[in-house]
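Next come two complexes, and both contain subunit A; in the first it sits with subunit B, in the second with subunit C.
So, the complex of A and B:
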C-alpha cells in the first residue's frame, strides 16, 4: 500500500511539474524569440521564424542591431523618460491611494460609502472616453516651474504623471486589503494614543507589504505601457516614453532586428522591477504570516 | 488609579437602543466584571468606556473628569483585546513600548517601564521575539504588558481569555487576579464566562439586553439573585427553577406547594407574597442532598461523574428537569428513582414576573 501511495505521489508531482514547465515555456518563448532575434540580421531572422532556430543563437550573431537602434532613436532618453514617469507615478500612487483607502476603511466620516462607490464606478470608464476632455483640461492647466507661472501642461513630465496618480483600481486593492486587517489592531493603536497619521504609518502600512507589491506591479505595467496619452500630449522628443519611441522603427524602412533590439532593451526595466518586487512580495508575506 | 462612574449611559444604533440607561459606580482599585450572554451589550459598554464607541446619552466619568467626548488616549485607560491585538510586525519590546514611542517618551524611561512590565509578567526572555514566535498565552501576556507599561488609571479587558485553551485560561485567570492585587489598579473586565466573573470580581455587573440586572459581589449574586435571569445565569450548574403556589404566609415563613415539591416551608421574614400567588422556587444543585427530608423525587436520566462531585439530571413528575450536585462517590445510576432533600433556608423565591421576593 505504501509503495502505491508513494508512486501516486511521485506521479502527481511529475504531472504537476510537467504542466508548470509547459506554462512557463509558453510564457518565456516569446521573450527568448525577441532576445535571440535581436542578435540576427533581418534576412536570417525572417528565415528562422519557420523553425526552432528562431529560439536559438545560431547563424550570423552580432550586436549590430543594438548599435543601429541607438543610431535611429534616442533609446536611452526614452527609457529614462519612461522609468522616471513610471517610477514617480507608482510612488505617488501608492502613497495617495493607500491614504485614501485608509480613510475609507478606518475613519468614520459622513458620505464615505457614497464617495467610495463613485470612485469604484470609475473602474468601468475606459480611458479612451475621457482622453479628449482630459487633453483639453491639461492643455490649459497652470504650472509653476523654473520659468515661473505658465499655462498648459503639454510637453512635460507632469502631464504624463499627475492624471494617473489616483485611480480606482489601486484604491480598490488597498480598500480590500485594509478591510481584512483585524480592526482590533487599529483600535489598540488608537487606545495607545496613536493619531490617524501614526496608525497609518506605524501599523497599517508596515502590514501592507503584499498589497503594496501587487499595486506597484499593476501600476508599473500600466504606466510603462502608456501609448495613447503620451502620443496626445507630448510632441517633443525630449519627453517621449518608450512605447511612443517604438514608432521610430516603423517609419521609412522597417528593420525587424532593430525593433527586437529596442524591445529587448525596454523590457529590461520591467523584468528588473518585477524580480525586485517578487522578492519583496515573498518577504512581506513571510513576515506578516501571523495567526490570531 | 481612578474611579469610574456611568450615569444613565445609553447607546443607540439608528433606531435600536442597545444600552438602555446604565448606572454603575466602580470604586478606585476595584475589579469589576461585566457579565452576560452574547449580545447583552457588555462589550459595547466597555468600548464606550474606552472611547471606541460614541456615547448616545448619559455621563461617563473617569477619575474626576467627564470623558464622554475625549478620545481614547486622553481617558487614562489601557485596553486588552480578545484577539490580543499585538502588532505582528514589531518585536515584543516594540509592542510593549508602542504607547510610549507614540508619546515620544525618552529612551531611558521606555526601557525602564518595558523592563518593569516584562518582570511583572515574567517575559524578559521574550522581548526580542516577534508575535509569530509566541504561543497564545505569551501573546496575551504581551497585550497585558502593553497595558501595564502605560500606567493607566483603568485597565479594560474585553474577554481576554476566551481565545486560550481551558488549562491556560485557569492559569491566566490566577495571574490576572495576582496582577490586580499587585498593581491595585481599577480593572473592568468583560466576559460571558460566569466562572471568570465569580473568581476575579470584587463586583459583578450582570447585563441582559442592555439593562443592568444586578450589581453586587460574587457571593451576593450567588446567594441573593435579584431576579430569575441572574439566578439562571450565575452558578454552575444552573439553579433549578420550579413553579409553585403560595399556600400560606406568616411573619417568619412562606408555605409553598406543587406537584414536584409537595409542601415546602421556606423560612422567610415578612415575605411580600400572598396566599394563592404563583411563584418560582430556586434550588441550587449544590443545595440538594440525599439526606434529610427527601421530598423531591424523579427518575435519573443522566449521570455525570466529575470525580469530586457527581451531577445527576432527574426528570420530575411534572416532566421538568432537575439537576443535583451530589458527592463524587454517590451510588446512583441512570433509570433509577432518586429522592432528594432540598435545604429550604437556602432556597430562592421569585414572583412569576421574575423579581426576587425580598
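So, the complex of A and C:
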C-alpha cells in the first residue's frame, strides 16, 4: 500500500514539474527567439521562423546586427535616458507614495477617507485622456536651471519624471500593505515617544520590503515602457528613451536582425532589475518571518 | 600701451571675423529620417551646404523616427513648439494646413514647373509643400514567369485589362509553382492601404470620397463601382489568390524567395528584388475600367505656421530643390527624383536605367490621394473597411458603414472648410 501511495506521489510530482517546465518554456521561448535572431542575418532570420532553427544559434552567426544597431541609433544614450528617468521616478515614487500611504493609514486627520477615495478613483482614468491637458501644462511650467528661469518643460528629464512620481496604484499598494501591519508596533513606538517621522522611517519602512519590491517592479515596467508621453514632450534626441528609440529601426525596409539586437539590449536592464528585486523580495519575506 | 593695442586689435578682429556667423538667424527644422543613416547624411549635407552658401540663415536639424513623426508634430503644435521648417507626408499636408500647423510656401514656382505632379503639395489653391522625390507602385513579376504562363507583357500604353489580370492570376494559381498568385502586401498596415489599394478602387470608378465637393463619400465609396471593387477585392482572398492576413516575413522576402508570382510593391523595395532576380519586370497597374491608377505624393518640405522667418525657411527649401540633391536622394534611398533632369543624373532612373519605368509610372498613372484635411480620418476608415472585407465582412454593409463614418467626421469638422 505504501509503495502505491509513494508511486502516486511521484507521478503527481512528475506531472506537476512537466507542466511547470512547459509553462516556463512557453514564456521563455520569445526571449530565446529574440536573442538567437539578433545574431542572424535578415534573410536567414526570416527563413528560420518556420522551423525550430529559429530558437537555435545555427547558420551564419555574428554580432553584426549589434554593430549595425549602434550605427543606426544612439542605443547607449537611449538606454541611459530610460534607466535614469525610470530609476529616479521609481525612487521618488517609493518615497512619496509610501509617505502618503503612511499618512492615510496611521495618521488620523479629517477627510483622509475622502482624499484616499479621490486618489484611488484616478485608477480608472486612462493616461491618454489626460495626456493633452498635461502636455499644455508641461509646456508652460517654469524651471530654474543652469540657464536661469525658463518656461516650458519640453525636452527635459523632469518632464518625463515628475508627472509619474505619484500615482493611485502605488499608493493603493502601500495602503493595503500598511493596513495589515500590527497596530501594536506603531502604538508602542508612539508611546515610547517616537515622532511620526521616526515611526515611518524606523518602524514601518523596515517592514515594507515586499511592498517596496512589488511597487518598484510595477513602476519600473511602466516607466521603462513609456512611449506616448516622451513622444509628445521630447523632440530632442538627447532626451529620448528606449521605446521611442525603437522606432528608429522601423524603416520601409525593416532590418529585423537589428531590431532583435536592439530589443535584446534594452531588455537587459529590465531583467537585471527584476532579478535584483526578486532576491530582495525573498530576503525581505525571510527577514520579516524571523522577526515575526 | 602697445600690449593694450595688440589685445584690442585681436579682440576686434575676432569679433569682426565672427560677425558673419553671429548675423545668421537660426531656423529650426524637423525631419522624419532618424534611423536612416543615408537619409540623415543627405539632409545634413544640404543643410551644411545651405549654411555655408549664405550669411543670413543657419538651419538646425532635429530628426525623428518616421513612425513617431506625425504624432510628434501634432504634439508640438499643441504645445506651440513647432520648428520653422518641417517635412510632411503629401496626403497629410491639407490636414496640417487646415489645422493651422503650416503656412503657404512662398517660393519661385517657376522652379518647380517641371516637377512631377505628385511632388507638389497644393491645397486651397496654394502651394504648401514641395517634395524632392515621389514614390510609385508597380506589379512586380519576372519575365520567366510571364513566359512560363504564356502571358503578354503589359506596357504603359497598353496595360492589362481586368480580365487579363485575372487570367494571369488564374494561370499562376493553376501552375502550382507558387504558394499564392499575388502578394498584395496586406502585412503592411497604416498608410499602405489607402496608398496602394485606393488607386485600384479609383480604377474601378469609385473613390474614398467625392472629390467634386469633399463633403461626402456617399455614392463614391458605396456606389456601384465601389461595390464591384469590394466584391473583386474580397474575391482575391476567397478564391485563394492572395492572403488576407500575411506574415510580415512573407511581405519582406516572399516574392524574392519564389512564393508569389506577382507582387504589388513600391519602388523602395525594387533594389532588393533586382538583387534577387536578373529578369525582374515592373509592370504598370492594370486598368479596371477607368484607367490604370497608382498612388502619388511622398514626403515634402513646408513651413510651419508659427515660423517667424518664413522667408528664410522658403529660401532653404528652394535651395534644396537643386537637381544634384534630388539625384543624391534618389541614388541614396532609391526614390524617384522629382524632375526628369535630376533623373538623368541618377544611376537607376536615367533613361534606360533599371528603375526608369517608375519615373514614367509616376508621371503617367499617379493620382493624388484625396486632397482634403479629412483624409487622415478617411484613410483609417478605408483601411479598416478593406481589412474587414478581406476577412469576409459583407461588402455592401462594410462600405455603407465606412461612408457613414467618413460623412460623420466631415460634418463634425464643419466640412473641413469646403
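Definition applied: the second predicted complex is superposed on the first by the 288 of 292 C-alpha atoms of A that agree within 3 Å, B and C clash if a C-alpha of one lies under 4 Å from a C-alpha of the other, contacts with A are read in each partner's own complex, and residues count from 1 in each chain.
Convention: a residue touches a chain if its C-beta (ideal position, glycine included) is under 8 Å from a C-beta of that chain, and two chains touch if they have at least 3 such contacts.
Source: prediction; values computed, not measured.
Bringing the complexes onto one copy of subunit A puts subunit B beside subunit C with no clash. In the superposition on chain A, contact is made by A:132 with subunit C only, not with subunit B. Of the two partner chains, subunit B is the only one that A:193 touches; subunit C does not reach it.
When subunit A is checked against subunit B and against subunit C, the one touching more of its residues turns out to be C. Draw one line from the C-alpha centre of subunit A to that of subunit B and another to that of subunit C; the angle between them is 150°, to the nearest 10.
Contacts of A:248 after superposition on the shared chain: subunit C is touched, whereas subunit B is not. When the two structures are aligned on the shared chain, A:276 is found in touch with neither subunit B nor subunit C. When the shared chain is aligned, no partner comes close enough to touch A:17: not subunit B, not subunit C. In the superposition on chain A, A:29 contacts neither subunit B nor subunit C. Superposition on the common chain places the nearest Cα atoms of subunit B and subunit C 49 Å from each other. Shared contact residues of subunit A, touching subunit B in one structure and subunit C in the other, are absent.
Subunit A contributes residues 42-43, 46-47, 49, 71-73, 132, 135-136, 138-139, 152, 154, 231-233, 235-237, 244-245, 247-254, 256 to its touches with subunit C in the complex.
For subunit B in complex with subunit A, the residues that touch the partner chain are 50-52, 71-73, 77-79, 81-89, 98-99, 102-103, 131-132, 143, 146, 150, 163.
Those residues of subunit A whose C-beta lies close enough to touch subunit B in the complex are 182, 184-185, 187-194, 198, 202-203, 206-207, 287-292. Within the complex formed with subunit A, the residues of subunit C that make contact are 30, 34-37, 62-68, 71-72, 75-76, 78-81, 247-249, 252-253, 257, 266, 268-269, 272.
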